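Below: one structure in structure tokens.
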Amino acid sequence: MMTGREYVESLRRLRPKIYFMGEEVESVVEHPVFRPHVNAAAMTYELAHDPRYEDLMTARSHLTGEKINRFTHIHQSADDLVKKVKMMRLLGQRTGACFQRCVGFDALNALYITTYDMDMKCGTDYHERLKKYLLYVQKNDLMCAGAMTDVKGDRGLRPHQQADPDLYVHVVKKAEAGIIVRGAKAHITGTANSHEIIVMPTRALGPEDKDYAVSFAVPIDAEGVYVVFGRQPNEVRRLEGVIDCGNPKYGAVGGEALIIFDDVFVPWERVFMCGEYEFAGELVETFATFHRQNYGGCKVGVADVLIGATANIAEYQGVANAPHVVDKLTEMMFMAEACWCGSLACSYEGYKTSSGAYMPNPLLANVTKLLITRFPYEWSRLAQDIAGGLLATCPSEKDYKHPKIGKYVEKYLKGVAGVPTEHRIRMLRLIEALSIGAHLVESLHGAGSPQAQKIMIWRRGDVEAKKKLARTIAGMERDEYFERITGKSESEYFEELLKRRK
Amino acid sequence: MMTGREYVESLRRLRPKIYFMGEEVESVVEHPVFRPHVNAAAMTYELAHDPRYEDLMTARSHLTGEKINRFTHIHQSADDLVKKVKMMRLLGQRTGACFQRCVGFDALNALYITTYDMDMKCGTDYHERLKKYLLYVQKNDLMCAGAMTDVKGDRGLRPHQQADPDLYVHVVKKAEAGIIVRGAKAHITGTANSHEIIVMPTRALGPEDKDYAVSFAVPIDAEGVYVVFGRQPNEVRRLEGVIDCGNPKYGAVGGEALIIFDDVFVPWERVFMCGEYEFAGELVETFATFHRQNYGGCKVGVADVLIGATANIAEYQGVANAPHVVDKLTEMMFMAEACWCGSLACSYEGYKTSSGAYMPNPLLANVTKLLITRFPYEWSRLAQDIAGGLLATCPSEKDYKHPKIGKYVEKYLKGVAGVPTEHRIRMLRLIEALSIGAHLVESLHGAGSPQAQKIMIWRRGDVEAKKKLARTIAGMERDEYFERITGKSESEYFEELLKRRK
Amino acid sequence: MMTGREYVESLRRLRPKIYFMGEEVESVVEHPVFRPHVNAAAMTYELAHDPRYEDLMTARSHLTGEKINRFTHIHQSADDLVKKVKMMRLLGQRTGACFQRCVGFDALNALYITTYDMDMKCGTDYHERLKKYLLYVQKNDLMCAGAMTDVKGDRGLRPHQQADPDLYVHVVKKAEAGIIVRGAKAHITGTANSHEIIVMPTRALGPEDKDYAVSFAVPIDAEGVYVVFGRQPNEVRRLEGVIDCGNPKYGAVGGEALIIFDDVFVPWERVFMCGEYEFAGELVETFATFHRQNYGGCKVGVADVLIGATANIAEYQGVANAPHVVDKLTEMMFMAEACWCGSLACSYEGYKTSSGAYMPNPLLANVTKLLITRFPYEWSRLAQDIAGGLLATCPSEKDYKHPKIGKYVEKYLKGVAGVPTEHRIRMLRLIEALSIGAHLVESLHGAGSPQAQKIMIWRRGDVEAKKKLARTIAGMERDEYFERITGKSESEYFEELLKRRK
Amino acid sequence: MMTGREYVESLRRLRPKIYFMGEEVESVVEHPVFRPHVNAAAMTYELAHDPRYEDLMTARSHLTGEKINRFTHIHQSADDLVKKVKMMRLLGQRTGACFQRCVGFDALNALYITTYDMDMKCGTDYHERLKKYLLYVQKNDLMCAGAMTDVKGDRGLRPHQQADPDLYVHVVKKAEAGIIVRGAKAHITGTANSHEIIVMPTRALGPEDKDYAVSFAVPIDAEGVYVVFGRQPNEVRRLEGVIDCGNPKYGAVGGEALIIFDDVFVPWERVFMCGEYEFAGELVETFATFHRQNYGGCKVGVADVLIGATANIAEYQGVANAPHVVDKLTEMMFMAEACWCGSLACSYEGYKTSSGAYMPNPLLANVTKLLITRFPYEWSRLAQDIAGGLLATCPSEKDYKHPKIGKYVEKYLKGVAGVPTEHRIRMLRLIEALSIGAHLVESLHGAGSPQAQKIMIWRRGDVEAKKKLARTIAGMERDEYFERITGKSESEYFEELLKRRK
């Protein structure tokens, strides 16, 4: 297992083609906009070496029996699923940011399950290929980006109906040694500082979309792969200084990028689906379940930081004991823990799949993610409420440190006696970073938009069983227990009961 | 273990003094207003005999090793806690009502833990007394009402400060054979059809309130005990007929009653606290944790029935496929399952107490209950939205069956072809029963009002630890992992990173 | 203008066929279940004679110049519309109930406008007939029920597609003297104590539904009219006593009834639409606008009573100064006043129609009603939160007055010193009456269900204009003001501005 | 009246000391970060010259009878108040931004009223001074910043209790010619591009805080005045290019600044309060009422742009007709119009003060603002929901225009056929600008934080009157109307009514 620092160094050895703000990035390790994302991902490596967190951060490989970083593990029990989300809350607390590595983790687990099912049904050997690839990942402790979401073009049309056939990633050629793929994946977390990219289809597919049923892995610096790093709110403050970044060490959300596959070659041993369109839906749903499981972990870890920051600022401003402040902080904790309950519950209620790997409960995982599309907006509002208007009007670090004007900022932004003005500013900037900006959009759309979760909840909620319960209680279906309890049919029972009354 | 029917018969042998609507009730088994509550409680007995539910509904006594009804069990593991809430959801689904028996169940478990702690600290022998009493309950498969909430008078005053000292239950005399108690407990669920009443104090107490630190058990028909059954919305419809009751077989909420203790004698072997005021707070909090754990179980079981009823009525009225109807049903399921996640999470995260018995996670149990003070209002609104205005304007059963006017009701309340008008009316009445009335008030105040949960969440949320997380990320406290990842101090790191840029 | 008492007496002279609980009702004035509704409606008569309220409660007839009760007035200005909603809030405050008379009021105004438009287009003389009928109503100060909602059967089908053609009211025969109509109207407010019924179609209609395009007025006791009074929660408590009714003098919602038209004859002078299907939509929408305007008036008046009751109970229980109680009461007032803003705004923004009568702003009227489908659920929850669990467990009036048990209830339900126990019970019962039960369903479905308001808001919101605003600001459409301000085209402006920077 | 362009030019003639990002700003007209704010304010000048908007944008001076820009007008009627908010919605629609000029406008009106009351009570001549100053403002069509909020230090302490006495603006010296003031005002909107600053105290004051009771006006470039421009999310994108700004022409919120008064001299004719501490509270409350009135105007105008942008993006992405999209857009419109109702209602319900100027209804103005602290968070969430994840991951303008990588961005960010990729990006960036960032914080804290509005609602809601209503209905106070209606006392009435039943 690599340490955090070894991970950072390992990135220097890669040569990906990454673009940001119109420039090709030489090194993500040296670039002030990219480095915080590198640090956040490095935390997934570093904490694995702290004996306090060993149980959460590491696991035994079911393939080799060796100790591995949990982010490369295939879940062997519900307990593994629970440890996953506890690890995620911990990492959220330690970084106040997205540490990105869960996407590839979830991709590996989803492929592990789906390739097994594909092979059983189709006689293919994807599962073995995947296991070999997994061994490679585990042995080298690699960080993999999981790339599912296509750019989609017109969302009312299916892949093959698009004006441009490349708006979903697809196979353009099959050859003896491998396949050639073309297209682009959008919003891919952690891409710039991953070693590998694992590609999966983005939706259930029909036979006309056979060529779009493709899953594979490539190194980040494979020929023909281009990464365009997306803008995040305020990210260029990282080029200016420290304080105004809010969370200058670890960034914000996951450094999402657009990945272009411009006729990229993939050797067969790295291809995990190629034409089996009838399994695209299962793969998407399995991945989505794993990924939705997470959000009550990582986002709640980040919320812990936000709650703490808000409590600090209340103290710095002299209102920590006002009843409405305590009430709002309590509300924030309540909502965060409610989301946490979701992640715990879907994990504890996980089940074993045919492949032997464990899956979270899909209904509850979707419920968890849907909570996360709502509560963070409310807890962010409460944080902003307590922080006050200065959150959006605070002078810049450069003004604060300005030889002439700085003394005014120092004097007039002072809160309670005893707390340095700089602490107040730093705390405000941290609240700004955590409550304004990409975090909320990420809560909404990461792991699928709310409508996607609603569709799954509707499908998995078993409304027919509930309808039957209601009919039984309303007296339209036989209620065997009632008959045993009363020793009578319903009609006899009511007749007697009411007769006695008169 | 008694069957449902045996339980019903067992009630005939008791002689409690119960009043309702100005009359003394001769037999709760024969009285149309009381009988539905009896039936709901009977379900806790009956399902224990169904092999399908044996695992949930029964347990092995840790005292005797014998199979017992789970409602008399002391939790021996987190798994027991999980089974408890799964049993509760099942019972909610089968009755669409409160089955009442959890309160005494929780009282036994809370006393088991607190008496142990009291004995350790004070050298008393309450724990042994409690175990003997528990054996009696397990052996006879008794239903116990748990009576905690005092009538409280002026809520701004402590017990001994009240104008009338009896506004909290207290010891008025200690004698050789036992104690004499006076006072009243309010809103006590299931009282009228319980065998036993277990009394506990209602709040943390100081030394001046020593006499109020009293816990004990008495049979429901003990001398000096008077039960005044509270009114519930529409309860007298049970005297008229069947359909308009909505849930005519099982009632609604728990048949809450005011219990008066008019100088009741309690022998010492049934006294479990007497003057140890410093343990009143622990007992209250322990009981509250157990009881708040439940609400994402039982209320969600009832919500399942409501969701099913709403889906049925949508179908009966021809709107089952309207997108807004599907969306609202999905919202209902989402909110219900979110509450369910709370009950599961606090149970799975339960822990072993000094007594050996297991407790749910108190923070998450309080979060669960606080969810239940809100979401049921929203899902009830959605049910009423789909059901339509007829929910509040439907003619009575007597009009529907009227020789002259009945044919009009039949003709004009017809929904889609093929569904009998009576089915539509029954389903509307069920939705009315589940969404209007005492259910919501019970969701709000059962197991403590929302403010009580907020206080516990604030206390248990560890805001100091969160403040430290924020300070570490904002650069005010040392971040050891960051130093390891970067191999530098924070200041060196930023200096170098930004220098390179220029 | 009649006084309240004269109105009550006037009802004795009518002979309607009203059924309730399987019995034909002899006199609504003498019947304890009906009388509170009579009293609430009587308040609309009585307050018109109080000089303090003359300006709100009365108007000058634009037909005769005589002073009339405002409930029979055709709005002649936006100021009339504002007075209407102020009158409604006043009446809500004085009755804590639905006073029912607005429906016929709105029907008269909607017909006034639509008959004018019909006559202009079709050359009919409905407007003159309506004016004559209006004179009759004004002169006799009559109360009219407005009957719009059909029973609808399968909501997925249009009127003529229903299995039973009578599921929407329709003309079965046209004769020289008049027409014969058949069908039923559901949820009709105030029917039992109205003098007249005004019938309108319930939806936009196509040519196949021509026979369903019918509007007319009949006396409540016309041959062939049957009224089946709908059940409301707890309405039979009115047969038992006083206190448990909560609002024993004025009832709750509007005494909604199912009205059956079993081949009823209507003379031509009382027919206001007969076959002009293309005006059904306009009539429905006009009526709906008038009716949705009201809900921020009457419901907010009732909310004022609920807020007051909640503040009283907080005081009686000793928690009036707790910060969370003050915060909740403030929230209640906030939500109520927000709804009030809706009624005021749509009224002030009213406009003159071709007929000369004034209409509220339809977009804002729909917004008002949609607010009312949500906020009352929240303010009811807050009222119940403060009131406490006793709200759903309080013993009956008969127990409170019981010779033996009454003393216990008196003693143990005592709140703060100095407030009689009976006051506390009465206040709890009032909160129960206002927050549990039919009020909420009425808020949801009265004047149309939420989905109906959403459709209107979508239609009236002019999304195309908003799209254009966005395109102009985003630089896709010409921004003339920007060009004037800068003296340049957008491209020149940006080029220069950014050039200077470098 | 100046045109927009004349206003812009007028700013070139001023020499304020403004700092931003560690640099002194030479010209706000030429600086890309400041210029958008200038343009937004210029719109308040420019639209006054468009005949279509003359009625809203201009008024007749009550002092001179001349036509003036409405932003310099003293409201002479409720109609003026209504025109004010209609003007504000219009300007929000045309700029998608804060146009800043309302704060000085509200300051003038509040001072007009309060100086009149001060003079009446104290025999001072502040009102005359203010009128002269007003004439100067009207004649020169000046833009005034209104500066109320002090920096406050420890919020638990009053001004004179602070460790540093300068944490609230105060008089440090009174001289013959005028006064010397010291302190700082925070979050002051529009400062950098105003001609004048009008200072007011920030809270009610007691005698110990006499020196803090000071109000005055100074030119923006007065000696000793320093302006530190606050950071806003993404403001430095304006230095880079156009598209990524989202709203490149008009900015975002109001360019809030910290204004330092470092011993600034103010001549007496520009002093409007000096020591009259007992009027500080009235001035604050009056200003707050005017300012809270606005938020359902300007913010709803901006919401119109956001709704339009969201509808456009739905179309560009092929989902414009999905039911959940239409539902969400409808929700956005509903919430926006509900806020609009608030601004309309408090304006129409305005009243005449002793000074002759008109005030909005304070209760409803506070309700309006409190709505704005909540609904914009929800409508922003819905906008982000529809816009999709690209909102937070879209590549930069520089990448889009990059010679090598640009073609990929063009190809892969294409939505539906026929819409240029650039349009999609521009629309996403507009949504980003309007829904992420300072807008929400401004909605929360502008014109006072939510808690301030709650305090006012609680004070103005007249809970005592509501309590009396409840007691009257519950039968504890005499109900005169009921007695008239029934001709009996309540007790007689109930006795007779219930007797008849039996």
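Quick notes on this one:
Going by the order they are written in, the chains are A, B, C and D; count residues from 1 in each one.
Convention: a contact is a pair of C-beta atoms (placed from the backbone, for glycine too) under 8 Å apart; a residue touches a chain by one contact, two chains touch by 3 or more.
Everything quoted here is computed from the prediction, not taken from an experiment.
Minimum number of contact steps separating chain B from chain D: 1.
Between the contact lists of chain A and chain C, the overlap consists of B, D. Using mean Cα coordinates as chain centres, the one most removed from chain C is A. Counting the residue numbers that touch the partner chain, chain B and chain C have more than half of them in common.
Between the two copies, chain C and chain D, the C-alpha superposition involves a rotation of 180 degrees in steps of 5. Once the centre of each chain is set as its mean CA position, chain A and chain D turn out to be 38 Å apart. Multi-chain contact residues of chain D, defined as those touching 2 or more other chains: 324, 327, 454.
Taken together, the chain A residues at the contact with chain D in this complex read 19-23, 149, 151-157, 163-164, 166-167, 183-184, 186-187, 226, 228-234, 236-237, 240, 244, 253, 256-258, 260, 262, 317-319, 324, 373-374, 377-378, 381, 384-385, 388-396, 398-399, 401-402, 405, 408-409, 411-417, 432, 436-438, 440-442, 444-446, 449-451, 454.
If you check the complex, the residues on chain D that touch chain B are 323-324, 327.
For chain A in complex with chain B, the touching residues are 3-5, 8, 30, 32, 35, 39, 42-43, 46-47, 50, 82, 93-96, 239, 241-242, 247-250, 304-309, 311-312, 315, 326-327, 329-330, 333-334, 337-338, 340-342, 344-346, 348-349, 363-364, 367-368, 370-371, 423, 426-427, 429-430, 454, 457-458, 461, 463, 465-476, 479, 481-482, 484-487, 490, 494, 497-498, 500-501.
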